[in-house]
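Shared chain: subunit A. Partners: subunit B in the first complex, subunit C in the second.
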Partner chain A sequence: MKKTISSKIGMVLFLLPAGLFFISFFVYPLVFIIITSFTSWDGLSQPVFNSWNNYRFVLSDPTFKLSIQNNIGWILAGGFLQVPLAVLVAILLARKPKGWKFLRTVYYFPNVISIVAMSMLWMAVFNSEYGILNGLLKAVGLEGLQQNWLGNYFTAYPAVVLFGVFYIGYFMIIILAEISSIPETYYEAASIDGASRLQQELHITLPLIRGSTLTCMTIAMVYGLRQFEQTYVMTNGGPANRTMVLVLYLFKKINDFQYGVANTSAVFLLMIGVIIIVGLRRLFRAKD
Partner chain B sequence: MKRFLSLMLLVFVVCSAMAVGIFGNAGRAVADNQTIINFPSIWVGKDSKAVVMNELITKFNQENAGKIKVVVEEIADYDAYEEKVKVSIAAGQVPDLFITKAGAKAEPFYKSGKLMDLSKYMDSAWQDRFVPGVMSSATYQGRILAVPYEFGVTPVLYNSKLLEKAGYTEFPETYQDFFVMCDKMEALGITPMSQMTGANAWTSMLWYSQLLAAIGGPDIYERGFDDPAYLEAAKLIKKMFDYTTSDAVGATATVAAGHFLNERTAMLMNGPWFIGRIKSEGGNNFYQNIKVAPAPAYQGGKGEKGGYLGFVQALLVAAKQSDHNKEEAVVKFLKYLTEAENVKKLSMSSGALFVIKTEINPGDNVEPLQGAMINQSSKAPYIVPHFNMSVKPAVATEFPQALSALVLGIKTPEEFIATLKAIDTR
Partner chain C sequence: MPKLLFEKRFSNSLEPGRSKFFGSIIMWVVLAFFLFYTVAPMVWLLISSLKTNAELIASPFSLPEKMQFTNYTNAFQVSGLNRLFLNSMVVSLSATILNVLIAAMAAYVIARFNFKFKEVIFTIIIAGIMVPISSLMVPIFTLIKTLGVYNTRLALILTYTGVSLPLSLFIIRGFINNIPVELEEAAIIDGCGFYSRFFKIIFPLAKPGLITAATFQFLYSWNEFVYAMLLTSSNSVRTMQVGIRFFSNQFTTDYTSMYAAIVISIIPSIIGYILFQEQIISGLTSGAIKG
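Now for the complex of A and B:
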């Protein structure tokens, strides 16, 4: 009996610091954000309750709607382009072709460089006056396709998302680790049964890396929802708000001393995040 | 029991370590027994005022050793600086001293009630140091809540070598002549001017401000977006993008300035703080080729020839203090920074202008471009602030997006104005 009590106290004491941190840095800010989302607040003086006005405001703001639309694009690109691309590269590298270690480093390398620095590099790539992309197009006789990639209303968003999609190193490493844990005997047996390389990947590798792939998809989609740095550095949400995303929208509202509106958009961000996570968990459970 | 005691000991050690981490700094500050003034500063790194400002602060700290110490927190990027200050204040931690822009940007700080009221310290001796009229930018509801400091004017900086190629030895005095010149330059393969819509669209925003004043007159901001000058200026700023680089939509200030410094464009609108970069980053004889001129007048407009954009560029703002000694220490430092001798050193070294009266002696090596700006602005029939400073922060934030929509043809000039007006009236 004594032992049970002391172990319970121990458990509580061990959990206490983490619990306090969780309440201080997660629960309290969350409650604060929800409460202040119903206020008119410049961040400096006292908030004034203004009912549902902020919610009405953001829902009628075309930039806010465009931000949500763009975030959905980022989420889909993360989950259904970036991760499949990472899976493909991981499967290819898992076969250990010549130079695979070098390639693995090359693909992972962008992840160890500051995203701001990488974004600036890509800004230079996309620049219409001295960018490499336009230079390449000119070199191959496709001058007609030259663009101000980040300043054109139709190419800016795909250009920023494209850069994001190629950020596959992190997911590739996770999936590569999972593939390396698959026993070699499975492939040997399949090979004896006459399965081709493609069939082996489709019927052995893919089903066995499903868990880590779904984890990567969750992470990629949440990253898509939280997209900020690349957009802020490369386009600042422009041109004409075409690349605006929710976090940048929120950031700009803070910049304009509209903390109440910023927190309202944070509530929407939170709700979308919950929908994604719950939706994906249900999907995984259904598949299991 | 033994295990329980070990557990308790472990928890105690962890909590102690955390407490040391959290409260350690506070302990040190008390032990030093001197007044610490926390001063997040933008005048650091590559800023043209950084070296002399650092010298001034070091000298102040030496003169007040053991009593007052100004601790500078270096934040070189202005956007990051603004964010840092806002977030700190929102979190209830107002920096002892910080820098802000004047006008609409300063107003929320004034309203917050968290700033030191400098009225009782601003005696006639201190007030006499400033050029007349500037104190209004630091006054809110009859109280002086800031110290006006840096002054900015933003004329047209032009590359006389490139203008001469188009047959111009003098800068055009009207927009009609200006666009004729731009056509001639284009015909010669010279890109006339740098424009931008990235970040706060700085250079283009300044051009738009000049157009507003030239068309609508110096009191344009008092009349609001319904004044036809806003629409006419929108049409002309759109036209200006026909004479700029292909990357202007989305370009940042770095890109726009880079084109000018590398002689890819012939004109850039910017202020005296840019002189240092012209000297250090321009190529061979670039600096010698650069001249300054007021923006052109608009035929039939309410503005006049020689009108200038000018504004209090930086205010020094102090936090309200509960500790009287600290309040006095902050005021002492503010008075030190506004001493004519110190301001002159800053101005001469950086090319920046200040709202503090300084005496220029014949032997003083006044920077020629800076001298030209002082000369032209002193003769200007009026000096008006720029657009961003005169509208709500939300309008200024939306301006680059609306401008890019206008330039790309997504919005008509009428829709451009309607967008800004809608944000202004929200």
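Now for the complex of A and C:
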């Protein structure tokens, strides 16, 4: 479109607010984090340069290592459990069984509810006195398995990680849309050639939904990396740091007025994010 | 149909009817599992919020003897829920309007005009969608303190507007791209300037995109927790999500009132979802969220 003088002024005025917000909430924070990750800083006095000390500190801190380990568990659960389940349900709904639109609506529903409310709901599920899970175990005569699920060192982490894995609505909708765009003739041709339904899904559907699967795995894994609310609300990192994750580690360092160390852990968070995004893209391209 | 083809078609399964039958049973078992998993805990929460505490502990799965609506009035009285609710509304609505307006303005320029480094700038902004926002806690905290708005609702409005700008910009630009340029060219001939083209042509025509972006932004702002906790310290400005987190301290023994409070906090999301379901699903399926 042609640019007159008045439209040039308009362009600048229209870009300015977005530019200011983007610089304030993305550019400045990222630069700031990298610089202050090399300082010792309590948030009150001036930051003091301390070279790689923060990095040495976090890498020798067992809690930090455990956080990274736990985050890797979250990332794998999101990418390799939640997304494949979403693919499965999307393939089933793509056959348009009775009520598929209703199911699509209901499956997405948990995504509009806050994670805090969801976590509190699941705290009630896992509660040792009156929780649903223990109640169900009692009802089927397995009282021996009753637990204080979130207080037990061995069950707390799986409990916190796994309850969200079965909420597949968000990814399912994205994948379902891509399946619906596959021309029906592909399947007709395949079935004339004698391919069973299962073979058709494996050899036609799966290769053709690579794009949305990549998107979903990226989102799920980045989500596993930055997850915070479940852990904070349900266990606050306990018992004995067993459920600690990176963002909670960062948050606790802020509360301890160790802003430099907090930002060092933020640098690790961002780097792992880049590794996930680049790595997944490589992985999916290598299959071509 | 040639004989060869016909035979080949059925050679894979000896009893096609039966395997189809089992296939559909497996399908319904899977679909029913996910339905139950999604719905059952929430129904349980709703029922429990209408019971007495004694009933809940004695039999977690029974229906209430008598509906205890007092749990709901308790929830409002004990926790100052109306204040939290009001704060959440003010913050979410303001952040949504501000975010969508700013994103639409920028999206218009990016979609319609060419300037130096446009694609590079746009790509960098869009990359912001993938940044784990919670890693930016310290700098955003510092920024909010420097601006002198710590512990105000404005702090949350500005933060929510800023951090989800990339996503809104991406969604809205997609919709503006689909509006024919000819409409505007005709308007230019009619003497329509830059601003009136934006407000009179683009704004009404990009409405579905604006609503989609606004729906996502509202839900994000309503449900956001990390920054709501980090950037506020007093109950007079805190939002619903931070409030219900601390309910567990206030309602140490009164579980059923706490459940009532959680139900109340979910209601706006449910209403938003029912009203804007189409926009949410079309937003996801049009590739709007695809990184």
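In the analysis below, the second predicted complex is superposed on the first by the 264 of 288 C-alpha atoms of A that agree within 3 Å, B and C clash if a C-alpha of one lies under 4 Å from a C-alpha of the other, contacts with A are read in each partner's own complex, and residues count from 1 in each chain.
Methods note: a contact is a pair of C-beta atoms (placed from the backbone, for glycine too) under 8 Å apart; a residue touches a chain by one contact, two chains touch by 3 or more.
Since the structure is predicted, the reported quantities are computational estimates derived from the model, not experimental observations.
Peer 1: Based on the superposed arrangement around subunit A, label subunit B with subunit C as either clash or fit.
Peer 2: Superposition result for subunit B and subunit C: clash.
Peer 1: Touching A:N255 in the superposition: subunit B (first), subunit C (second), both, neither?
Peer 2: Only subunit B; A:N255 stays clear of subunit C.
Peer 1: Would you mind checking which one, subunit B or subunit C, touches more residues on subunit A?
Peer 2: C
Peer 1: So in the superposed three-chain picture, is A:L66 touching just subunit B, just subunit C, both, or none of them (first/second/both/neither)?
Peer 2: A:L66 contacts neither subunit B nor subunit C.
Peer 1: Classify the contacts of A:Y153 with the two partner chains as first (subunit B alone), second (subunit C alone), both, or neither.
Peer 2: The first partner, subunit B, only.
Peer 1: If we overlay the two complexes on their shared chain A, which of subunit B and subunit C does A:S6 touch? Say first, second, both or neither.
Peer 2: both
Peer 1: When the two structures are overlaid on chain A, which partner does A:A240 contact: first (subunit B), second (subunit C), both, or neither?
Peer 2: first
Peer 1: Touching A:F14 in the superposition: subunit B (first), subunit C (second), both, neither?
Peer 2: A:F14 sits against subunit B and subunit C alike.
Peer 1: Of the partners subunit B and subunit C, which touch A:E129 in the superposed model: first, second, both, neither?
Peer 2: It touches subunit B and subunit C both.
Peer 1: Where does A:F166 make contact in the superposed view: on subunit B (first), on subunit C (second), on both, or on neither?
Peer 2: The answer is second: A:F166 touches subunit C but not subunit B.
Peer 1: By the touch definition at the top of the document, which applies to A:V83: first (subunit B), second (subunit C), both, or neither?
Peer 2: Touch status of A:V83: no partner.
Peer 1: I need the one stretch of subunit B that runs into subunit C once the two models are overlaid. Options are 41-49, 167-175 or 293-301.
Peer 2: Superposition on chain A puts subunit C right on top of 41-49.
Peer 1: By the touch definition above, which subunit A residues appear in both interfaces, subunit B in one complex and subunit C in the other?
Peer 2: The overlap between the subunit B and subunit C interfaces on subunit A comprises residues 6, 10, 14, 17, 43, 129, 254, 259.
Peer 1: List the residues on subunit B that touch subunit A in their complex, please.
Peer 2: Residues 1, 3-4, 7-8, 11, 14-15, 18, 82-83, 86-87, 89-90, 108-109, 111-114, 197-199, 245-251, 255, 259, 264, 392-394, 397, 400-402, 404-405, 408, 410-411, 426 of subunit B touch subunit A in their complex.
Peer 1: Report the residues of subunit A in contact with subunit C in the complex, numbered from low to high.
Peer 2: Where subunit A meets subunit C, its residues are 1-4, 6-7, 10-11, 14-15, 17-19, 21-22, 24-26, 28-30, 32-33, 36, 43, 88-89, 92-93, 95, 97, 103-110, 112-117, 120-125, 129-132, 135, 139, 166-170, 173-174, 176-177, 191-197, 199, 211-212, 215, 218-219, 222, 225-226, 228-229, 233, 247, 250-251, 254, 259, 262-263, 266, 269-270, 273, 277.
Peer 1: For a test of understanding, state which residues of subunit C touch subunit A in their complex under the given definition.
Peer 2: Those residues of subunit C that touch subunit A are 5, 8-13, 20, 23-24, 27-28, 30-31, 34-35, 37-39, 41-42, 44-45, 48, 56-57, 60-61, 102-103, 105-106, 108-109, 112-113, 115, 125, 128, 130-143, 158-159, 161-163, 165-166, 169, 181, 184-185, 188, 193-195, 198, 219, 222-226, 230, 240-241, 244-245, 247-248, 255, 258-259, 262, 265-266, 269-270, 272-273, 277, 280-281, 284-287, 289-291.
Peer 1: Quick check: in the complex, which residue numbers of subunit A touch subunit B?
Peer 2: 6, 9-10, 13-14, 16-17, 42-45, 57, 63, 127-129, 148, 150-153, 156, 235-241, 252, 254-259
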